[in-house]
């Protein structure tokens, strides 16, 4: 595949390479779902503290979840060429795993275009919120492996 | 270090483990700088197309840069416990490297608290915007290695 | 009724008591209406001044009305688990009564979920705006009786 | 006191009764604090459920707290004539009392104008969020007694 | 035509002259399109510099385009009585003409009300962004001739 | 003057022509003021209706004024490379002149950079709001002559 040929496949670039929004007007309103995941790698004591904190109180994970939900709803104001999409639900699951915090964000809509950017934004902002709340105790955190897990429509 | 002891170091949790905002009122107004970086790993043809597109036109990287700058300025509305900080400058560098796109976001302020979250948000939203603009040609992208590179005050 | 049993009725809490957004994807798009009301109790001279001001000029009440309309449209960014709902109309009525200012906010939509939160937000922010504009002359104001008046769907 | 005379005391109205923003340019930067409180009156079973839920999990109150903090930071976009004020801290206390939920919001800044509107907005949006999360189990809730508790400067 | 009679035609004023939002609930969802245009008049050297800059790099025009797209999507938060409308596409064309920069913004939606305000906002904010980026080299710029070019529905 | 030389004067472009934010960190906090003006040209009956409406009620002009004030405070989120600036006051004057509506927006701050963009945004959004409220009775309106009138610092 040649770069020159592929370039025309960038739906967000017009034929002269300029940024453009895609017209979704003719697309069908369908149930669309996407999920994305990422990890916050941190030191073992940070995880231990979160585990201890999360049992009776859980505020770190709840705040992160709320931040992720709110950001997913604001995706079109963060990512310039995204459309305004009314989300039917944003679901965030935050798990304390062995090597860090795992975040999965699932988003559904009935709309004319897909919601993988909304899922990525939700996961990403939840991870950044975890980072913010733990940064006083851990300067080594890294957010990684942010990717789309699933994208479907019916 | 014991989890129970460390927990009191979470500046965003009060003594009963509840989320709280830190009072920065007594802190000094100082020049504060932070930078953060991340990578968007993608397929070689995607990079080639970006390289080709970026020479005369550059819209993908410019749109990503603008999105990152605007998001850094909105950090306090994305990350719930962050303060409103007037940024002196947000600088985004986006480079096409061998294995993907490298993003560095530097942020400076004269304020009472640091700006590493602003740098992380700027890098993160720039990466998400690159993802959005390339997702039509590459379903394999992963955003990784989002971390703070430097944090200083004078 | 036992607390334990009732808890499962909180649609915004999952089975383990964690906050969640409700999935409205399967609900029908219907005309939905809700209205909410509240009062701003104030001193008689404040009311007299407002009455005098409101006859030829009316700026206090107009500003409050505009603030209420704009806030109702932003409900989903203020109340974390609310959905983005395109409102067909927001109507605010602000009346100078004997014991204070009475505010009624009516909101209609054609959507998958109801709009009582939008009506409450509209009435609430209109009341806060009245408060802001009168606070220089009256330190005793209290906003009270904020409640849903009506909620219907067709 | 006569209405006509008092009218000129409305700092948000000019001499012809038109809405205006107050120029705070000449005012001193001072530590300024304000707190506001309100109540969400609800049915006893709702309170019992919240009490039960709040012991191990607490998500309702945490979500309300986060919403209040975020809204307080956005006060100037909700209340048209308010200034943009960088808040040093927003503190929300939400208590389950005998007759309902009591909310106190304290706000501090180092700025040229006071923050009572920020405190009122924070308390108000926290109350609305409690309402939103409990409305599936209690249609009788009323938000009342929203007032400024304290306003000081140093 | 008499002023008094015409006044009732202001759809944004009720029968007593008060501002109101129009209820679009009964209107049909239709494909609606509108375009608007404006000019940024500037000095010849400014145009020459933009022309030179725009050939290989084009950042001024790209930034303006992105700003216009993002603002068009936020129209309902800028113009108080506008409805929230999900836009199918926002298209901005910015041309360097002999006497200045010409901007055309086209907007399409499938919704219950038209989008000429969205087109006007998009063109206007793109022009303001051009102004911002050129103001260091040209203090004489004027934005003019902002008007609706076309408004259609199917 | 040659285009190539002038290009380096674009403070919003770096040496390779890429968009950048200016670092205002080293600039002095000063009282800074700017004003901008524009016109909404319309048909005589529209003006007559506004005049009639504006005497006792004035809602059109009040709504436009509020919209302009709110937009001026949001300038940095509309114009990508603008800084967040806390405004001391935004003052809007809207006059019904012979050939249309004249709008002047004055903005003051104590900050490290000037506020002409804020004044331009305030005037522009006030004009757009007048347009929105009159568009049902006048399809011929044009917004023109948007320019900076004065820019000073002390």
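Chains: A, B, C, D, E and F, in written order; residue numbering restarts at 1 for each.
Criterion: a residue touches a chain if its C-beta (ideal position, glycine included) is under 8 Å from a C-beta of that chain, and two chains touch if they have at least 3 such contacts.
As the structure is a prediction and not an experimental result, all values here were calculated from the model.
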| item | value |
| --- | --- |
| Target chain E, source chain B, minimum contact steps | 1 |
| C-F or A-E - the one linked by more C-beta pairs in contact | A-E |
| Type of chain C:chain D copy interface by residue overlap (half), same or different | same |
| Chain centre separation in whole Å, for chain F relative to chain A (CA means) | 36 |
| Chain C-chain E separation of Cα centroids, rounded to whole Å | 31 |
| Contacts with 2+ other chains: residues of chain C | 18-19, 56-59, 62-63, 66-67, 70, 74, 80-81, 84, 86 |
| Every chain pair meeting the contact rule | A-B, A-C, A-D, A-E, B-D, B-E, B-F, C-D, C-E, C-F, D-F, E-F |
| Contact footprint of chain E on chain C as seen in their complex | 31, 58, 62, 65-66, 69-70, 73-74, 84, 86-91, 108-110 |
| Touching residues (chain side chain E, partner chain B) in the complex | 56-59, 62-63, 66-67, 70 |
| Partner chain A, residues of chain C touching it in the complex | 18-25, 76-77, 80-81, 83-86, 111-112 |
| Residues on chain A engaged by chain B in the complex (per definition of touch) | 1, 3-4, 6-7, 9-13, 16-19, 38, 45-46, 48-49, 51-53, 56-57, 59-60, 62-63, 66-67, 70-71, 74, 78-82, 116-117, 120-121, 124-125, 128-129, 131-137, 139, 141-148 |
